[in-house]
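We just call them A, B, C and D in the order they show up, numbering each chain from 1.
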Amino acid sequence: MEYTILILLLPLLSFLVLGLAGMRMKHKLAGGIGTFSLAVVALLSYLTAYNYFSLDRTAEGVYPTLQPWNFEWLPFTESLHIDMGILLDPISVMMLVVISTVSLMVHIYSFGYMKGERGFQRYYAFLSLFSFSMLGLVLATNIFQMYVFWELVGVSSYLLIGFYYTKPEAIAASKKAFIVTRFADLGFLIGILLYGYYMGTFTFTPEETNLMGAGMILPWALGLMFIGGAGKSAMFPLHIWLPDAMEGPTPVSALIHAATMVVAGVYLVARMFPLFIAYAPETLHIVAYVGAFTAFYAAAVACVQSDIKRVLAFSTISQIGFMMVALGVCTSADPHHGGLGYMSSMFHLFTHAMFKALLFLGAGCIIHAVHSNEMSAMGGLRKYMPITHITFLIACLAIAGIPPFSGFFSKDEILTACFQFSPVMGWVMTVIAGMTAFYMFRLYYGIFWGKENKELHAAHTPHESPLSMTFPLMVLAAITVVGGFIPFGEFVSSDGQSYPIHLDKTVAITSVIVAVVAIALATFMYAKEKQPVADTLQHTFPKLWRAAYKRFYLDEIWLFITKKIIFRCISTPVAWFDRHVVDQFLNFMAWSTNAAGEELQPVQSGKIQSYVMWFFGGVVVLTILLLILL
Amino acid sequence: MQQEVTLALIILLMLVADLFVKESNSKILRVLAYVLLVVQIAVNIVPAETSAFEGMYHSTQMASVVKTILSLGTLLVFMQADKWLGREDTSFKTGEFYILTLSTLLGMFFMVSAGHFLLFYIGLELASIPMACLVAFDKFRHHSAEAGVKYILNAMFSSGIMLYGISMVYGTCGTLYFADAAAALTGTPLQVLAMVFFFAGLGFKISLVPFHMWTPDTYQGAPTTVTAYLSVISKGAAAFALMSILMKVFGIMVEDWTLLLGIVIVLTITVGNLFAILQKDLKRFMAYSSISQAGYIMLAVMADSGQGVASLVYYVVIYIVANLAVFGVISSIEQHSGGKVERDDYNGLYKTNPRLTFVMTLALFSLAGIPPFAGFFSKFFVFASAFHTGFALEQTGYWVVVFIALVNTIISLYYYLLIVKAMYITPNDNPIPTFKSGVMERAGLSICLAGVVFIGLLSCVYQYLTDTALLSWVS
Amino acid sequence: MNILSLFVLIPLLMLLGLWIARSLNQVKGVMVAGSSALLVMAVYLTISYISLRSGGAEGEMLFVAEVPWFEPLNIKYSVGVDGISVAMLLLSAIIVFTGTFASWKLKPLTKEYFMWFTLLSTGVFGFFISTDLFTMFMFYEVALIPMYLLIGVWGSGKKEYSAMKLTLMLMGGSAFLLIGILGIYYGSGATTMNVVELAQQHIPEWMQNIFFPLVFIGFGVLGALFPFHTWSPDGHASAPTAVSMLHAGVLMKLGGYGCFRVAMYLMPEGLSMWGDFFLVLTTISVVYGAFSAIVQTDLKYINAYSSVSHCGLVLFALLMMTKVSSTGAILQMLSHGLMTALFFALIGMIYGRTHTRDIRQLNGLMRIMPFLSVGYVIAGLANLGLPGLSGFIAEMTIFTGSFQNPDTFHRVCTIVAATSIVITAVYILRVVGKILYGTCTNKEHLKLTDATWDERLAVICLIFAVAGLGLAPFWVSDMISGSVEPIISHLIH
Amino acid sequence: MDLEIHVVHYLVVSTIMLICGIFGFFTRKNMLATLISVELVLNATNINFAVFNRYLFPGQLEGHFFALFGIAIAAAETAVAIAIIINVYRNIKKIMTDDVTDLNG
């Protein structure tokens, strides 16, 4: 499958072309180049997926792991070297499909969304760069290659969040996103270094002897890598960058901050899953707890946000928490006994990517229509934008876990895995799933039903978006509708063997009931023009509401850390120390030399007698010194 | 002996010529001086080992080379003096200037090739008495007279002390021949005292701290040409003489005098530098600079080895060209600008006189020991020689001295750069106007410049000196 | 004639040409011809070095030549290069070339400026080709002193103070070096000054313990070793563009190169005694420089402190004493040289237009001068270690290499040093956000123009080099690690 | 009472002379007086040479000759010194050492 190299090369080429010559191009040409290359990539990805999954399974019943390309890029030692290559296995192929699909949709969508924007060509160049990096990340043959592309996606995310570089919020958000993930990457890097040293390789499959010999190192290394993953995947408390990242253009949020890049952390854990499960199950459970807490926290915050992209952002965080939990609750590699989480996590990753991209793109259409992110500017939009409304609803149902939409299937598997792990975890996650349904429908009603902002809509009548924008919505909605019926276990499972998905009836019924109740509650509270219950609640618990609205003050803590601690308490004193102590010390030496000269000057008085006294005194003292010393 | 004889002949010739040449034709005297000095150098270019007066006079090959170097330096000084001597208020004394200068040179010749304390003493006095006249040469400038009186009184006092030391040597050894005295010395406290007294006498000439106090005043007050002469020729000769006597006569007391030198070197370099930083008058500044340079020269003496001898002579050669280049520029500017010698007068000099500035810069860099100029090499070899001895004797004290000397190079770099800064960087609305210096001045400066650039890079000079040193000092 | 000697000969000829040149165009002609010739030579040398090595050439040094110079002290003019010096020569040639264009419009006294500039280059090239300690030291000082005039005459701000401070501190370092060189020479038996031969000799341990720190500090001053780095911020801030480029880009590398080639290679026992001490200092350098950079408001100060941090990383990696980390150190020198030169070039160009380097007074430049701004972003990304640009290669090699040293203390230092990659991101993004993004509020700045052709040429060359190294690191890495290996194995035994 | 005069006695005299000379130089402000003090120093050494030769090494004449040369040279020095002092007097009309301190620092 050597042609897979094109999957990486095409976006890179398109980036280079657009980056170097884009400014001279017409918008359509530039967008066309980007979209065309991504279309080819998507086709190639589907071809790859088809070819790959039609390969014969090996004797153990797993799909073979292929490396059609691999070359040594940067050698360190005999065994340690960064390779650049392409690794094909079930999850990477699955990711390939997800990324290229969503990316293509976003490329098409952006034609309409970004129409006439200054920097249109730059936008497409960055999109290409991102697609290249993200594809490189999932296709990485070794952990270091993954890190390389990991950094690249970080940078493309930085560039895209800061696309509107004249907006101060965008600048701040891009900076924050980069720095927070960089901080997490430090953990990743150290994890890689530990891993590389003790495993003697950067590949995902170290020698057995090294694995056995590493002892406690491996859990640490994997844990540190998870910190990197947590940063990218916005796990608590490193999630703070993600809501702000919504300052970027909405299609970017859909692509990067909902569907692809943010799940890189999940992908990383999945990639290291065999090692986690075999050598560091405790670390894996920590992943689960972190994921669960994040899911809960984000869901709680999402319930009160008024900016629709913020709601979606927190929803993303929460859903990624689900995926992490699913991975974390695995207790063995056998899908029948405790390994279910792996498959469900990947499944949820897949379905989530589709419906969350759909949600974001839909939100993009809405923002495009009302020119605002705030829910107060919306309400009653269903009559103005029917396609957006329907697709958005589909996505909401999917995320709420209502059958037969895809989200139901994947979430159900996750909850089943959680219940297998422990009932507490199962119930907690079920409640969170209910919260998900609640806030999603709060959002849905807030946008399409509820109280219409008539003034605004009179001044500027909302309208349905052009086809270039609605077409991706429809495609994604279609996938969301049918995605759940994909026999995912056939392709991806924790031990690689084919695994038929079957619904656990109890869990499924419980979760659906919870979801329906939550939706009903949301309907009760938010579907009307007047929302007495919601207002009462808000006034009954003002502090709680405020805290949640302020995202439990984590951004303030972030500001405190950066501005106060790093800037004021470390850097300023260090710089002061440098100028006033280290530097002044040298100036002091110079000054004291000078001062010594000045002090000595009167000795040279100009009087002959004093000269002779020094002369004779010198003779006498030197003689005595010599006689004493020797 | 040939060198002394020819030089004495030249002095006589000049004396006679001075009698017959009219004051208005003093140019003839100048030409004559150049020609004769060139002849003197040419006929004595081949070094030879000679002995005379039953060993009272003993000139090694190295001494012969040193004498040639001194003659060359004197020639350069003469070239610089051209403009000054041509001035109305000095031209009538042209002949005297040459006779006095050449007499001091003759004295130095005796000093470096003495084999007996008497001859050495005579040489020393022959070098310093006419020097006093030269220092006070500008009869109507009271600074010149003040400088002269400070010089002569200090010189007399120091020669008194030195003589006392020599008398102690005589009293304990019963002989004043270098070779015999060396055999008779044993290193008793009295002899140590004699050695220190003797050392002080020469230390005065080399201007080592604490025997240096006259130096800045005299250098500042004396006519610039004389200052130049005093700072390089007189100092170089005395340094070589000191080294040969310490090594030849006081060899038995090597531990004493290396310790003595160690202390004196550290003092000399440090004090010279500390004072130099604050000077505004360039001649006075160069006096302190030359004090600290003397400290570096003494490092080679401290080395007490053939390598040290070669390094010392090498250092002196390079010091002569570099210092003369600086003084050449100073005197040139002084003569053409009506006596400006303050550092502030040099502000913005580069704009008006780029060439002179360039020469000055390179010369200062050389003095500061910056490659690829000659001073770097000479400093390196001097340090190497002292370091080597410390290594061979396993005495880290040598290294400490070398280290302190090295740290001091930074201070010296600072003050040399101050002048560079004045010339290139400090803005000035009224810099010294552009002028054209005389042929001889320019020729002199060109020779110095060539020396500064090439003596270091062409290794043959050092090689030659090392070979000669090995021949002369097979120890 | 040995090909390496051309690296000294060409600048000398350039000096001659400049001396003769009468008009500005002639001066520029000489500079362009000379610096291009050097660049071509460097590229040719690199290619032929690699092909010789792959052809199986043995010996630590290639292209060796030797002419006796000062025989009494066994001083020879001996040249030779290994992978490390080839890399450094290439770097120097690139920076001299781009530096020429970066100072294209410099006034006044253009001719004199280029003369000192060329003298500086002579020193740099000479240093890297020399294998003789004395010659090396000589060229080292030749490279230092022109700085004084270059900063003092053509600089800006408090140039006199900075120039003096820089010169004195660096020369102070070289005073340490000189005594160290004497110690090495005599300690090893006074038979040779050749570095490669000296390494075969054994210097008594007690002497190594005395002279190692002296030499290391001596070179370390130039390598911005804490606490001897304070010349760097002031010096860089005051220097004219091309001088900052050359200084941060090449001269600071002399420090790291010297520490490795002279201090560590020749005195392994001294290293084992002092290594940990200096490791702490370098770790401090790395973090301290980065933290200091965060709060600076002058673009050049930011970059200067960033250089302290990055050059600290060079010394840090060398002290880790593994093959990989040392390779990383050399890569870091190369990478830092290129990207910091790029930075200084861009800062100089921005400063030349806006006449301020205060980040509080600059904003929204992206709209006004897109070319320069994009260049700045690229330089910034290279600096914070974006894969595909040179900084990443170097840092990853360093950290991977450092982890090869199993000692816990070294590990801890590595982790502390690794935090610098986060801090670097903070200060780089802060600057980018402040000066390039946003809307321009200064009316004066709105009229400014983007880069001219000479500036574009310089910037593009450097970006090309930065990206070239970042995308295809294997050939450089191979070349360097091949040459690092004998030195490291010498250190370990 | 033994009136024989030993070498030591002479040396005591010469040492006293030396110290007197040095002390005189230190304390006298008039330049001529300082000149005289220096003469004392020089003469002290001349006595030394003569005495050492006469008492310790009677077989030779080195010391005597040295003393003779010393006297001659001292005379020459004094002559030059006086000439310069006169020159100072001509220029500033003073011959006190405290008055010739224009050059200092």
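Assume a residue touches a chain if its C-beta (ideal position, glycine included) is under 8 Å from a C-beta of that chain, and two chains touch if they have at least 3 such contacts.
Quantities reported herein were computed from a predicted structural model and do not represent experimental measurements.
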item: Touching chain A and also chain C, the following chains; value: B
item: Distance-to-centre winner among chains (Cα means, whole assembly as reference); value: C
item: Interface with more contacting C-beta pairs, comparing A-D to B-C; value: B-C
item: Centroid distance [mean C-alpha coordinates] between chain D and chain A, Å; value: 97
item: Approximate Å spacing (C-alpha centroids) for the pair chain B, chain C; value: 42
item: Between chain C and chain D, centroid-to-centroid distance (C-alpha), Å; value: 65
item: For chain B paired with chain D, centre-to-centre distance based on mean C-alpha positions, whole Å; value: 27
item: Per-residue overlap in chain C, given as positions that touch at least 2 other chains; value: 168
item: Of all residues in chain D, the ones touching two or more other chains; value: 25, 31, 34, 100, 102-105
item: Per-residue multi-chain contacts in chain A, two or more chains; value: 590, 601, 604, 606, 608, 612, 616
item: Pairwise touch network: line, ring, star, complete, or other; value: other
item: Touching chain combinations (by label order); value: A-B, A-C, A-D, B-C, B-D
item: Interfacial residue positions of chain B with respect to chain C in the complex; value: 307, 310, 365, 370-372, 376-377, 380-381, 383-384, 387-388, 391, 399, 402-403, 406-407, 409-410, 413-414, 417, 420-421, 424-426, 459, 462-463, 466
item: Complex interface listing, chain B residues touching chain D; value: 117-118, 121-122, 125, 129, 132-133, 136, 139-143, 145-150, 152-153, 155-157, 159-161, 163-164, 166-168, 170-171, 174-176, 216-217, 220-221, 278-279, 284
item: Contacting residues of chain C [partner chain B, same complex]; value: 68-73, 75, 134, 138-139, 141-142, 145, 148-149, 152-153, 159-160, 164, 167-168, 171-172, 175-176, 178-179, 182-183, 185-187, 190, 210
item: Residues of chain A that touch chain D when the two form their complex; value: 601, 604-609, 612-613, 616
item: Residues of chain C touching chain A in the complex; value: 165, 168-169, 226-227, 229-230, 233, 288, 291-292, 294-296, 323-324, 327, 364, 366-367, 370, 381, 384-388, 392-393, 396-397, 399-401, 403-404, 406, 414-415, 418-419, 421-422, 425-426, 429-430, 433, 436-439, 473-474, 477-478, 481
